[in-house]
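Labels run A, B, C and D following the written order; every chain starts at residue 1.
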Amino acid sequence: MINIGIVGGTGYTGVELLRFLVQHPKVNIQTITSRSEAGMDVSELFTNLRGHINLKFSNPADAKLDTCDLVFFATPNGIAMQETEALLNAGVKVIDLAADFRIKDIAEWEKWYGMQHACPNLVAEAVYGLPEINREKIKTARLIANPGCYPTAVQLGFLPLIEAGIIDTDHLIADVKSGVSGAGRKAAVHTLHAEASDNFKAYGVPGHRHLPEIKQGLSNIAGKPVGLTFVPHLVPMNRGIHATLYAKLTKKINLQALYEKRYVDETFVDILPSGMHPETRSVRGSNICRIAIHQPQEGDTAVILSVTDNLVKGAAGQAIQNMNLMLNLPETMGIDQVPLLP
Amino acid sequence: MINIGIVGGTGYTGVELLRFLVQHPKVNIQTITSRSEAGMDVSELFTNLRGHINLKFSNPADAKLDTCDLVFFATPNGIAMQETEALLNAGVKVIDLAADFRIKDIAEWEKWYGMQHACPNLVAEAVYGLPEINREKIKTARLIANPGCYPTAVQLGFLPLIEAGIIDTDHLIADVKSGVSGAGRKAAVHTLHAEASDNFKAYGVPGHRHLPEIKQGLSNIAGKPVGLTFVPHLVPMNRGIHATLYAKLTKKINLQALYEKRYVDETFVDILPSGMHPETRSVRGSNICRIAIHQPQEGDTAVILSVTDNLVKGAAGQAIQNMNLMLNLPETMGIDQVPLLP
Amino acid sequence: MINIGIVGGTGYTGVELLRFLVQHPKVNIQTITSRSEAGMDVSELFTNLRGHINLKFSNPADAKLDTCDLVFFATPNGIAMQETEALLNAGVKVIDLAADFRIKDIAEWEKWYGMQHACPNLVAEAVYGLPEINREKIKTARLIANPGCYPTAVQLGFLPLIEAGIIDTDHLIADVKSGVSGAGRKAAVHTLHAEASDNFKAYGVPGHRHLPEIKQGLSNIAGKPVGLTFVPHLVPMNRGIHATLYAKLTKKINLQALYEKRYVDETFVDILPSGMHPETRSVRGSNICRIAIHQPQEGDTAVILSVTDNLVKGAAGQAIQNMNLMLNLPETMGIDQVPLLP
Amino acid sequence: MINIGIVGGTGYTGVELLRFLVQHPKVNIQTITSRSEAGMDVSELFTNLRGHINLKFSNPADAKLDTCDLVFFATPNGIAMQETEALLNAGVKVIDLAADFRIKDIAEWEKWYGMQHACPNLVAEAVYGLPEINREKIKTARLIANPGCYPTAVQLGFLPLIEAGIIDTDHLIADVKSGVSGAGRKAAVHTLHAEASDNFKAYGVPGHRHLPEIKQGLSNIAGKPVGLTFVPHLVPMNRGIHATLYAKLTKKINLQALYEKRYVDETFVDILPSGMHPETRSVRGSNICRIAIHQPQEGDTAVILSVTDNLVKGAAGQAIQNMNLMLNLPETMGIDQVPLLP
């Protein structure tokens, strides 16, 4: 059995990691830390886990993370970068679900995240954990920067168009909508039920932290800087991301065939038949990214619809997919549940 | 007092017309028809109206609509076009909340709505009831084609940019999101709570009936055909439309000032201060269209956010605004309520 | 015009007071205070009020509340009791929407609210602001304890049964459900959208602060102590309270007639026809308490269904109803809007 | 492998059966019928099943159900009673998820369900499929009447109190709340999102079809007829039942210990520690019934809180639990998933 540690297990990515890991046949959850809830039964905080886990939150100081085989950081930004080096030196593999290692340009990272980076050298080493792009590098990595929720849905959606070189990459538009769990499980006014429910709004239009992450990823694919307008919105639902992507076509090609071919071997990317529209609930609780391709009125604008569960393929599920790759386990092990509908 | 008739009062636009009209100081609701509910107290079907209305649904055949001063059609598409001519001949003004008179090109209308038009001659006469564009024509009209919900939010959002001639009108993008009441109050599977709630999806991407209506309106403003990609989405909320509009700027200009100037005299269009994001709940139950203007990273893409209540400014409220204009009453009479938040 | 002050205007009862007061024909909002938001435009925080109010939140120290005719406290518990005496001495009438003056038994209050009472003498003077019971006393009061949201729905539901002396008052059961806005507009985890939505739970079963308030009210009606089991639940909706009340009948009587007679003169209590079920949305945004009476299978258990909008008849609307009575204005002035449905 | 047939697979219990069965290690889904959708891929209707099932809906006439080992009826009431006899004669076991075989008193059934029963003789044979009561009988049964959703939550909640003989069974009260999926996946107005969302109401207070089923079950336990007031409510959420149960205690006893002892060997009944409140989301997607016991203010009223997922322990999950018992498989096989939270 692989011994796993989770740092910061009281948020939604934490409980979601646990939901998958308690059912994973090759994993033993050795420790889960929480500064605020140390000593509390995990299943008292997350009653859905009653009967599935018998563990208390431990104080980070007592957690002996260096005796784990692999550690997940499900912490706020800025924590993993302080603790990762010691773990790597102790031979522990690390997957960071926060943003500490996602942006290669340190200055850019520091601008968007408003703090000084604690270990720029590890940023260079860290592998961006999007298996559909970086599978081979992930298999041998010590340190994974697990992608953000928006970036996963947007990159998987644009990827085939950019690789094929058939769109104007200077004017990409990503109109993206997220459920409220994307804001995390922390006391706040703007994500209260009475604020977010029966309501819809855009936010962060002048600039959102996932913008540089997406641009970095798409630029890598394009082999040159891309131009992107990224507009996130808040949807009154718990889980789910729906990316509506617009690109101007520069060549005529069968888009449906392009996408089906690109993702034919990808278990976790599902291309819908022509004419369909994916819905977020069709991936609820699952690691699937479901995509549909449209070209309205046969014009020169491609419209790509890409949905994920922000807590799964957008966070915990993808982290375990990366773990499986790093540990040479079957890539789908423990994360092949059927989505819950309705 | 003005005597009003409502044809087809059992849907959401019907109850919304009633909510405003029972509080309107110059109006008497003379009759409201429903084939299916004839004889039932209106307030039994819509219990929110108990104590505010003392009227039964009447059979259309007995309704004596030709004795009204003005008749609203809150019916499915294809009804008003059969009954309007007789009413006009009897001197009754007509406002159609359905789509029968919205599209000037009869062939285009017949293609999208799948039926033969019953009175093409009246289509030519009908005035498109968007007061911010057609106020003077509305005042003297006998017949109003009340705009669709999506078209209202999209046209008011794009209007100043197109009038100013500062964008590429060949590649407009309208990514629009609507609450479920937009689908009407009729038995259906896809709008059940258990289907639509905790879910988000696009629909009608290959083509939606509001596309030709919006293109007609924007082309009129532009003085030439525009190119538009229109993608509607279903939001798990009751009321509200949020249009996220994208246009490529061809000239540098102060967009905030442009919008504030264009709408300075419009009571029902509110331009937010720079940097803000409108939310649909901020117009819940009101006739306001609230707009914010963004230009992310000072690039060449304008992002306009435009919200309305689909049942009010997108339907019943705008219809009463038109009625007030036609009857020479103050434009805001009866429709100046404060939005309900939360 | 009556000059009004509001203390603590950044919560849901605050914005709801404003929604009604900006439309009230006899009222001038002189000042609204907020320690945290002093200097901010009210309509920046509550964008639904844009165009309806032109006032900034003022610092309590600068608010000159003693120059108002009447002051509403929309503050957390424990604030009004510190400031009311000075206002009364200055000739200002006071309505407290919190709980400071609701419980006559000071020791009981201190037990449930966990603090020492600052002015027990005013508790004795304060009139409990449930007009359907205390109308005449309210008219001449200087100080009103505005009832809690649960207590309003429960008391109006049980009232006729207890007055008529036809039930076992030792075993009353109030199974009550509230929308999330009842928890207020403050940062918290358990009322986040992702925690409260798509979920249902009871809370506070061992004891809730509204229990002693309801028992006091029902005991006053009964003329002896009553026994009450009170179980509150959290509903994933914004507004609304639904009380399902159970009582064992000790006499045979026409319950429908009893309720209709008791409330025949009450504008804000609506008794539904026999066999119907009230829904919370039928009173959304309005000051109505809507009640239905059932006696399943003609057994000896009465089931009373009582719905209100917790922010209106359960808070701000009732407060204005009390204000109207205190100022000798028509009782319905400014609070007779039609509920918003859907 | 066991060959399974499903009759009527286009509703929510159908898709939920599929969700579990495609993951069940001992089961082969041989056929699934739908008159209306015959020929359509199952995964086209239920896109969450894409990649997990490769089967089309078949016409009932062509389904060869008599070659299955076991058939589930996920049909409207009145279908299973017409087809079961032939299947049993062919040696096929049957589990009916509808109500055809639940009520032993045929006249009572016909009164509540408004039709004549087609095979009263099988009603006598059918075993009521609540394993916590009837486990041994289920193991040898040919025909299972799978309990209703409300009856499961209510009976498991009251069971220990009645067995222990410590309550007044003449005045039981079950105040029960259900998510909207309980109404099924059929076109209807009252369960539209715009009707059911942001709303709460009771329904069926004069009488609901689950009343006789619950009374039959509780009377069997009590060994005498019980008196029950049953009030169902509709909650704006997709899944979940919350039963709040009230009983007058006639003896003093440690209720917490009573429940823990009664259910100590029941995998699918979880008794919460004293003082806690179960929430429906803590069992979302799972076969658990989670119960908490309260005795407010140490009075003589017991308050039992019992939650289930109406589609799982209240329908499809319990059906598979019954199937496992009938087939001598481990009782939890295929239905031990972790609930999805949030």
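Throughout what follows, a residue touches a chain if its C-beta (ideal position, glycine included) is under 8 Å from a C-beta of that chain, and two chains touch if they have at least 3 such contacts.
Just so it is clear, the structure is predicted and the values come from calculations on it, not from any experiment.
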Tell me which has more C-beta contacts between its two chains, B-C or A-C.
B-C
Chain pair repeating B-D, as identified from A-D, A-C or C-D when over half of the contact pairs by residue number coincide
A-C
For subunit B paired with subunit C, centre-to-centre distance based on mean C-alpha positions, whole Å:
36
What's the distance between the Cα centroids of subunit A and subunit B, rounded to whole Å?
39
Separation of subunit A from subunit C, taking each centre as the mean of its C-alpha atoms, in whole Å:
45
Check: subunit C positions touching at least 2 other chains come out as 12, 179, 181, 185, 194-195, 197-198, 236-239, 278-279, 281, 284, 342
What residues on subunit A touch subunit D, complex-wise?
12, 15, 19, 22-23, 46-52, 181, 185, 197-198, 238-239, 267, 270, 272, 276, 278-279, 281-286, 288, 290, 337-342
Spell out the residues on subunit C that touch subunit D in their complex, using ranges where they run on.
171, 173, 175, 177, 179, 194-195, 197-203, 205-207, 227, 229-231, 233, 235-240, 242, 244, 246, 248, 275, 277-281, 284, 294, 296-297, 299, 301, 303, 305, 307, 342
Contact set on subunit D toward subunit B in their complex
12, 179-181, 183, 185-189, 191-198, 236-238
